[in-house]
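Two complexes are shown next, each including subunit A; its partner changes from subunit B in the first to subunit C in the second.
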Partner chain A sequence: MADQALGLMAQNLTKRFTGSGSDVLALDGINLEVPKGGFTSVIGPSGCGKSTLLRILSDLIEPTTGQAEVNGKSPREAREAREFGVVFQAPNLLPWRTVLKNVTLPLQVMKVDRDDRAKTATDMLELVGLPGFERHHPWQLSGGMQQRVAIARALSMQPSVLFMDEPFGALDEITRDRLNLELIRIWAQTSATIMFITHSLTEAVFMSTQVAVMSARPGRITEVIDIDLPAERTAETRDDPRFYELVIEVRRALSAAAGVH
Partner chain B sequence: MATVSTIDEVDAADDSPVAQPRRTVPVAVIVTPIIFFSIFIGAWQLLVRAADIQVLLLPAPTDIIDRFFTDFGLLFELAQNTAIEAFKGVLIGSFLGVTLAGITQPFRWLNRGLLSYSSTVKALPVVALFPLTTIFFGVSSTAVVAMVTIAVSPIMFTYASRGFSGTSEHDELMRSISAGPLTRFWSLVLPRALPYVMTGLKTIVPLSIIIAIISQYFGGSVTTLGSYIRRESTSLHTVDMWSAIVMACTLGITAFVAVSLLDKFLLRWHPSNR
Partner chain C sequence: MGRIASQIASALFLALLAAVLWEVAKLVSGTGDIKMPHVWSILAHFGTTTSQGEPYSTFMLLNVWSTAKASLTGLVLGVGLGMLTGIAIARSRLVGYGLTPLVVAAQAVPIVAVAPALVLWLGTGAATKAAIATYLTYFPVTIATTRGIQAVPAESRELFQTIGASKRTVLFGLEIPFALPLIFVGLETAAAFSVVGAIVAELPFGSPDGLGVVILTSWQFYIFQPEALYCVALAACSLGAVFVLGIRSIAYFSLGSRSQGEVL
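So, the complex of A and B:
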């Protein structure tokens, strides 16, 4: 039976990519549980399969074996019920649409009334700190602003789960720090379950309630570390000694994972 | 003096989060061609006058321009008829090309097969087929339209196929929001193919006028640029022939400018236009 309190669940997930002459075991026996409303970061070296894990849970690809659940449903059912939003590595905005029309795209798919669409989208743009940019085109915005639009778009469906695949990976550290704070605020306001892929230690520790550490080839979760920082994270959290201890703990876990083979 | 930023500058900075450099057209792009063209026309004029070349053989530019303006009403009407025939061909050919590319897209083998045909057709001297189209459509305006259609539809098919076969990360976005096939088509597939379709259009529009005029040399309606040029050349009305050629060039340039403006308008968002 599916645990009703779980936002995300992976049980014995494996993913094997077989191509012409190549055979890669990308994921090997992944087990992961994210409680509803939890913020789980998945961290690991490049190519460890963390994006693959996210793509299986968000039903962009199928696992080779094992089981995945989102809100107690199969990823496909959850996707068709539009229970989750995905924020990709690149902002992935449609360049021929204005910012507003990009954010309303999911609502258009859901056949929401035109006026309600615009209203929700305006609210979402305000939530991500971009009020007044409705009529701009994506190319008129900086990378960080574009990624905010992508977050607003994912949130416009009011999903209970948010998948984020290294959304801030391409941004400079200053912008990233600011967006981390913004995301924490948004998370508090929406109380969504968040799965966040990153290769930044500080980013993972700062935002999450738990951090899953992965090893590469085959991708395995070697350790899950609970982040027992105060629930309310602010800029000062980064100065908390406990924050440093946790960063060091996650770094050790990463090194240990790298030394597995 | 201390520099004071004007209100305009502050406003502009607030409105554009990313600096957008204005595109400037280098002077050479405009001035150099004008200089060369003037030298060319001047030399032509001098040569004709100095060597006293017969007007039957080569009229002076001033004679041609003079005739162009006196006969402007007639020439304009001829150009209009030629443009209509070319435009009909472009319309039908684009519709056929784009629709066929869209329909065959899901069937790779079929699309690929047709692409090799369209490449071959592009290499053929299609105008040579004109006598054949007159067998089907008679020596009529329709035959010219058919000729243009035959020439442009494979080109449009090739460009549209390339546009429709494109993939991007947006496909995953559409999947993640469970978009239906109709939304996918109108919101993603079609706009993504549009730059290719517009490139195709920029290729076929000038071509359609060339094909139309050459076809009109062989027949079709008598009130077109092509048939006029041919008639006047056989009657040795060389100045009339030249003035019609000037009109044909004007038509070609106008058509190209029009389609370029349409491109700039429809693809405002495209990197090539900003």
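So, the complex of A and C:
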């Protein structure tokens, strides 16, 4: 069952939320495979269950039926082995800790030696383009910088999988474009498997190796589009005619998904 | 630190303003020296000697100290118990359902009604005073702690979950630091209440010393020496102010940079 080459795997996943008088089928028969080192974006309208999918894979909630695997393990085993990091939509930094101490939080939980964790955190801050900000407090940083700290924190455990739930959704487009480039660079340097939830077509196409398109109510993956852009993405990739073709293809798939119902 | 200094300065200014208003009210209403002694004769009374030959200021300080000890004991106990209860209520739904009605019901009990029974069990000494001070400080701290911990954002909890933090790490690394600004709001209220609680315990039950006792005796001898009643009122106010300012200073230093930036 466990394919060694897969970073992420979902098989017939369903998730049903039952509350008082409500019964919502959030996910219906989700099948998805992300190869190790792949960058998969999941795109779809609000409420289509894309965050639910990420939350199942990152062991924040359990599926109703079906199977999820991270590096060939159950999400729980993978979490306990600290094989993945999560970046949330909000930077979610602790205001009483300095930038450095926010980044070292996971290492502190892992009981890593103090000097080692400071060194790792400094390296990670450099990786996300924030060298020298160790002693700042979160409130002294802009939204984009705070999200970089959150990425550094997720990377500090040196995870092989990174879950990102609309991490740049709250940022302005200029900052978002820049962080897209930064994330591509970080991905190349860490060779992590990335699952990236987004609302943005261009963002999804620009960074990913594949884009999964979802429809809402019930949440289904209607199409998986391979992004056959050159492996090395730069600012110029956005001018590539193929980039436009793919954006149009994903947009068509999204409209088709919306038109099904 | 500048902020605390300016708070003390504004408190002194308000005291001065109150003194001026007192004199103006006395002048305008034509109230006699028995009902409203002059501010300066009240202050001068601190320089007199008691019938035991003791300086009045020393006598007052000893009684303030007796009340302060009981208040502080009650405050420390109340804060400790209150935080523990608050944490228990916030962390366990079951404990919350069980304890919250009890906490609210107990808060509605008029303390003066329970005090005589406490005197029977614990005597008229420091224990009763501390017990009532504990009782009064317990609620604001319990509620502030509960509310503070319940306000921790779900995303922060999920972050701690994804990094595999233990319950203990969540408590000390997330819940308490997050709730701290709110806990300090409860602590400020509690600090003032602790002084009130100790004085209430001293009032009608034959306590040997303390501000409550001085209030009672000053009241009895009011007709001969009206200044004494206002001296003890001033002393009680000052004690309350010292407690509240003390908590504020602790908050200022322990919240550190958070008192300068966006907190919640």
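Note that the second predicted complex is superposed on the first by the 261 of 261 C-alpha atoms of A that agree within 3 Å, B and C clash if a C-alpha of one lies under 4 Å from a C-alpha of the other, contacts with A are read in each partner's own complex, and residues count from 1 in each chain.
By our rule, contacts are C-beta pairs under 8 Å (C-beta built on N, C-alpha and C of every residue); 3 or more make two chains touch, one makes a residue touch a chain.
Bear in mind that the values here come from a model prediction, so they are computed numbers and not experimental data.
Superposition of the two complexes onto subunit A shows a clash between subunit B and subunit C.
Looking at the shared chain after the overlay, A:L201 reaches neither subunit B nor subunit C. Shared-chain residue A:W96: touches subunit B and subunit C both.
Of the two partner chains, subunit B is the only one touched by A:L141; subunit C is not.
By the touch criterion stated above, A:R82 is placed in contact with subunit B and with subunit C alike. Once both structures are placed on chain A, subunit A residues 58-60, 79-80, 82, 84-86, 88, 90, 92, 94-96, 105-106, 108-109, 137, 139-140, 157 are touched by subunit B and, in the other complex, by subunit C.
The touching residues of subunit A, when paired with subunit B in their complex, are 58-60, 79-80, 82, 84-86, 88, 90, 92, 94-97, 105-106, 108-109, 137, 139-142, 145, 157. On the side of subunit C, the complex with subunit A involves touching residues 153, 155-156, 158-166, 169, 173-174, 177-178, 180, 255-258, 261-263. Those residues of subunit B lying in contact with subunit A across their complex are 16-18, 20, 169-170, 172-173, 175-180, 183, 187-188, 191, 194, 268-271, 274. Of all residues in subunit A, those touching subunit C in their complex are 58-60, 79-80, 82, 84-86, 88-90, 92, 94-96, 105-106, 108-110, 137, 139-140, 157.
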